[in-house]
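First the structure, then my questions, so here it is.
Chains: A, B, C and D, in written order; residue numbering restarts at 1 for each.
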Amino acid sequence: MREKATTLYLGPQHPGITGNMMVRLKVEGDTIVKATTEVGYLHRAFEKLQERRNWLQAFTLLCRFCVPEPDPVEESYARAVELLEGREVPERAKYIRVLMLELARMGAYMLWYGGQNGSLGLYTMGQWSVGDRNYILDLFEELTGGRVYHMYIWPGGVRRDLPEGFADKVLRTMDYFEKRLKDYDDLMFDNTIFQKRTQGIGIVPKEKAVEWGVVGPILRGCGIKSDIRIDDPYEVYDKLDFVVPTHEGGDIWSRALVRREEVRQSIRIIRQVIEKMPSGEIYNKIPNPHKWALPKGDAYARTEAVRGEVGMYIVSDGSTHPRRTHFRGAAYVHAITLLEKVLVGANVADVSAIMNSLGTCPPEIER
Amino acid sequence: MMKELKEHIIRRVKANFTEAEENNDFTYDRLDFTVKKEVVPSLLLFLKEEMGFKHLSHASCVDWLEEGELELVFILWSPKDKIKVFVRTRLDRDNPVMDNMDNIWPQLHTYEREFREMFGVQFTGLEAPDEFILEDWQGPPPFRRDFDTAAYAEKTFWHRPGREDAQDVRETIANRDGEDIPDFAKKYSR
Amino acid sequence: MINDKNSQKIVDIIQNWARKHSIWVLGYGTGCGAIEIPPTMTSRYDAERLGVRGAATPRQADVLLITGYLTTKTLKRVIRVYEQMQDPKYVIGFGSCTINGGMYYDSYNTIKVLDKYLPVDVYINGCMPRPEAVLSGFGQLQKRIAEGRADGAKQYKENLEWYRANQKKIIPNWVMPEYNW
Amino acid sequence: MEEVLYNVLGAIATFLVAFVVGMTYGGLNRKITARVQNRKGPPFYQNFIDTLKLASKKSAIHHGVMQHFGPAFLMVTSVMSLLIVPVLTHNQWFPNLNFHGDLIFLLYIMVFGPLGMALGAGQTGNPNSAIGITRGLSQMVGYEIPWVLALVALMIQYHTTSIVGLMAVQAQSGTWLMFSSPFAFIAAVMAMLGMFSYSPFDVVIAPAEIASGPASENGGKYLFTMMSSGSVFAFVKLTLYVDLFMGGADNIVILLVKTFALYMIPVLYSLTTVRYRTEQSIRWFWGWPSFFGLLAILQAVIF
């Protein structure tokens, strides 16, 4: 006899939900038979607002798209504008951008460490990693003036050159993180209960993954080597030496292993960037923003973020204001169509862990 | 190399879809095809199944108010050949109807729901609740160009005086009088 | 004895002292400001040493932290959550967008002034407010509680019609239980 | 007459001591947690402030009469088991109502609280409460097995079913039961991890999964009652373990030292582990802890 299905509302006010969204679960016993994502709690109509601003003013709204890691969004926009206009970026600015993106990636992964373990009940990890994330935010603050919102990577280059002694500080921070990551391994990855809770849970099928629009660490966790930094290289990633880790399995555990390795690769990239960074200009000056018109046409640029592929599609009608901007967030696919598929058959206890593992970030869904 | 690849793709597409207009002016890894809206599903399916464009990178809708048309853009990425293809089509702005395509890529379902809500594009055969992002929305589709968000916000929401101009905000706040907050609430709107 | 005015005052002082040093914040990240809450709660800034700690459900919480802009859809849920909280309860408006709309002043979907809809005890300005600012905001709230001036919930109850009228103007489809506690 | 008065006053004193000690332990738990997590942490008396604040909440909504049962039953359970467990040996200020067979009675009474909570949680109508209490009862089935096995082993080995009897055995032989029947001790300590329901066995409250479980709809005074009864119950459990396995305590200092040492086992373990799922938790309790319980029974039967 089948048990009667009950409906469980996970969110919008729920400590286990990642951000402000809701998942409606149809539950039989402990097993989910149907999951529906409901979003829209964070819809600010950014793209509509950007149409009312000029090309540079629109840029200031960008970092609010997804707060844990705003820099890839800025990077996508800047690159899309540069593609459309044909504007060259100085070599040094490219290196600084990569430095910025990788620092942001590390910061977001520190937040992920906290979220993934918080969803499983290991709060010590979150306290450590989110606390350590402050050291990265300190670097951001020194470089850009903001902890969370940087508005640093803008069309034509970057906004400010590295302060004196900044490179040393970055290297020292990297040394610190290399030491700390060993502690994280001891606490998290060597923990048998963590393995028991994550192995075989939230499986994304490998053969369907590309078709379903899965990107980023989640796709790499299925064993498919796909990284925009390698496939569609931007800035100076093709001159840097790093490995794209993959793991077979497609469950939370293999995604966690992929992310664990990626933090280490980020440290490696940052060290190389500091070493290879040339001197020179950092900014190819744009004209007066109020008179700065982009040629008619459209462009699409995409960047690898921690959640996967994020992209910015911009359309210009030849005026000083965007005709249309449209942001593509990885969570747009991961948190709706993918999450609804992955949650079917899962245990209620694992919903939060699965959501964290899929990198759900509601503000980039509804923008 | 990239040039040959692009020409190969154009040849294959033109062989099957004669009326597709290509745009091959880009210096980077990108190709554009403009087709009629009836052809879009079969072209997308052809690109996905035959040409290796497995990954739907993005889909977007642009409102060309002056021309009376809505433009749908699909951005496809081939993991094998490392190239992007844009498929674009135009819809009549007053009666935008399109075929439902979420059987090609499941994530198109989400995009279609968003376009239906934000631009009023009707997808025949799309099975989803009407509301996606907005709740109890009574105005026109908000992302259309003729919807003025600033005027709507001005009309609907209460604005705190003091930011109409770019003067010193502190002074404006200090000199603020004549606003219609009741006495008890003044304490909380300092 | 308890009706005696002086002893009531002493009871008030003790109760306010306890309320001041035990602030349970509802875990509801209503907007992008939620990103600075984890740093505030974790090791460097450690709000728990001030007695600030997270609460999982509205029934247990004392403070509703509105972390940033409220869309109309969220506003409905926030009102619901606020009315479920137990008296005495406080609201902290967090970020510029709760004060005057911030950078969303022309958005069709976000409210611009929070205190029209909910009684705000403390505003923290900035976008994004740093954890130090958040802690300072909690400090202000503590000061107000100790002085007995953090009576937003009382104002809300007394002027319910005014608040309701404002809320219903934004939320056309009002299907919610009436506020009765 | 005078004896009754002494007993009543003593009971009140015992309750106060249990409340204060339990609350302080809770605060120390938070402090130690904070230190492990690289932060300063709240003061050790933070839990007193929290309970005082909860008690001074002006309103406390309830969803029907049955909701009172949850906190009330929990409190009743705590107080009843407190009165049975001897706090100090040879001290008239801490009376206990022990009798022959009180161990068996205690086994029953410790289940009573969660059952009352189940009644209350059902009334609230919050699905998280219902799921939480189901999880709690399921997990109880898990840890009751090693716990009962350990106690039965003690009963068989020493031919007594009263706590005082077991304490007398330890006083006579001069060795603690944790040395003379180590398997029972190990099984009982493993069961204690479940009883405290700290991580990895915090499936009942599991914030990221089911908000705060049975307590979801309880605010203000209800939560106050639950927190206080939880503190008292923690003290009861620790004292019981000290009485059973560590020879009891002659004065309050020794009691505090012994109970705190025991308390550190679940606290420190909880800091480094991920939460189990309910079925994994039950499986764990039916694994090694039950095995040690069976060994304890074997030891009791053979020797």
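Following the convention adopted for this analysis, contacts are C-beta pairs under 8 Å (C-beta built on N, C-alpha and C of every residue); 3 or more make two chains touch, one makes a residue touch a chain.
Predicted, not measured: the structure shown is a model, and the values here were computed from it.
Undergrad: Could you work out which chain's C-alpha centre is the most distant one from the centre of subunit D?
TA: It is B.
Undergrad: Where the centres are mean C-alpha positions, what is the separation of subunit A from subunit B, in Å?
TA: 22
Undergrad: Which whole number of Å gives the spacing of the CA centres of subunit B and subunit D?
TA: The separation of the two C-alpha centroids amounts to 58 Å.
Undergrad: If you average the Cα atoms of subunit A and of subunit C to get two centres, how far apart are those centres in Å?
TA: Roughly 30 Å separates the two chain centres.
Undergrad: At what distance in angstrom does the C-alpha mean of subunit C lie from that of subunit B?
TA: 36
Undergrad: Do you know which subunit A residues sit against two or more other chains?
TA: 15, 40, 43, 45, 48-49, 52, 127-128, 131
Undergrad: Could you list which residues of subunit D touch at least two other chains?
TA: Counting only residues that touch two or more other chains, subunit D contributes 37-39, 207, 211.
Undergrad: Which positions in subunit C touch two or more other chains at once?
TA: Answer for subunit C, listing residues that touch two or more other chains: 42-44, 56-58, 73, 106-110.
Undergrad: Can you name every pair of chains that touch?
TA: Listed by label, chains in contact pair as A-B, A-C, A-D, B-C, C-D.
Undergrad: Flag every residue of subunit A that touches subunit D in the complex, lowest number first.
TA: Within the complex, subunit A contacts subunit D at residues 6, 8, 14-16, 30, 117-124, 127-128, 131, 187, 191, 193-194, 196-197, 347-353.
Undergrad: Help me check something: in the complex, which residues belonging to subunit A touch subunit B?
TA: Subunit A reaches subunit B through residues 39-40, 43, 45, 47-49, 51-52, 83, 210-213, 215, 226, 231-232, 298, 300, 302, 309, 311, 313, 315, 323-324, 326, 328, 332-333, 336-338, 341, 366.
Undergrad: Spell out the residues on subunit B that touch subunit C in their complex, using ranges where they run on.
TA: Interface residues on subunit B, with respect to subunit C: 134-136, 138-139, 142, 147, 149-150, 152-153, 156-160, 162-163, 182, 184-185, 187-189.
Undergrad: In their shared complex, at which residues does subunit B touch subunit A?
TA: Spelled out, the residues of subunit B in touch with subunit A are 28-30, 54-58, 60-63, 73, 75, 77, 79, 82, 84, 86, 105-107, 109-110, 131-135, 142-143, 145, 147, 149-150.
Undergrad: Write out the stretch or stretches of subunit D touching subunit C in their complex.
TA: Within the complex, subunit D touches subunit C at residues 30, 34, 37-43, 46, 49-50, 52-53, 56-61, 128, 207, 211-212, 215-220, 223.
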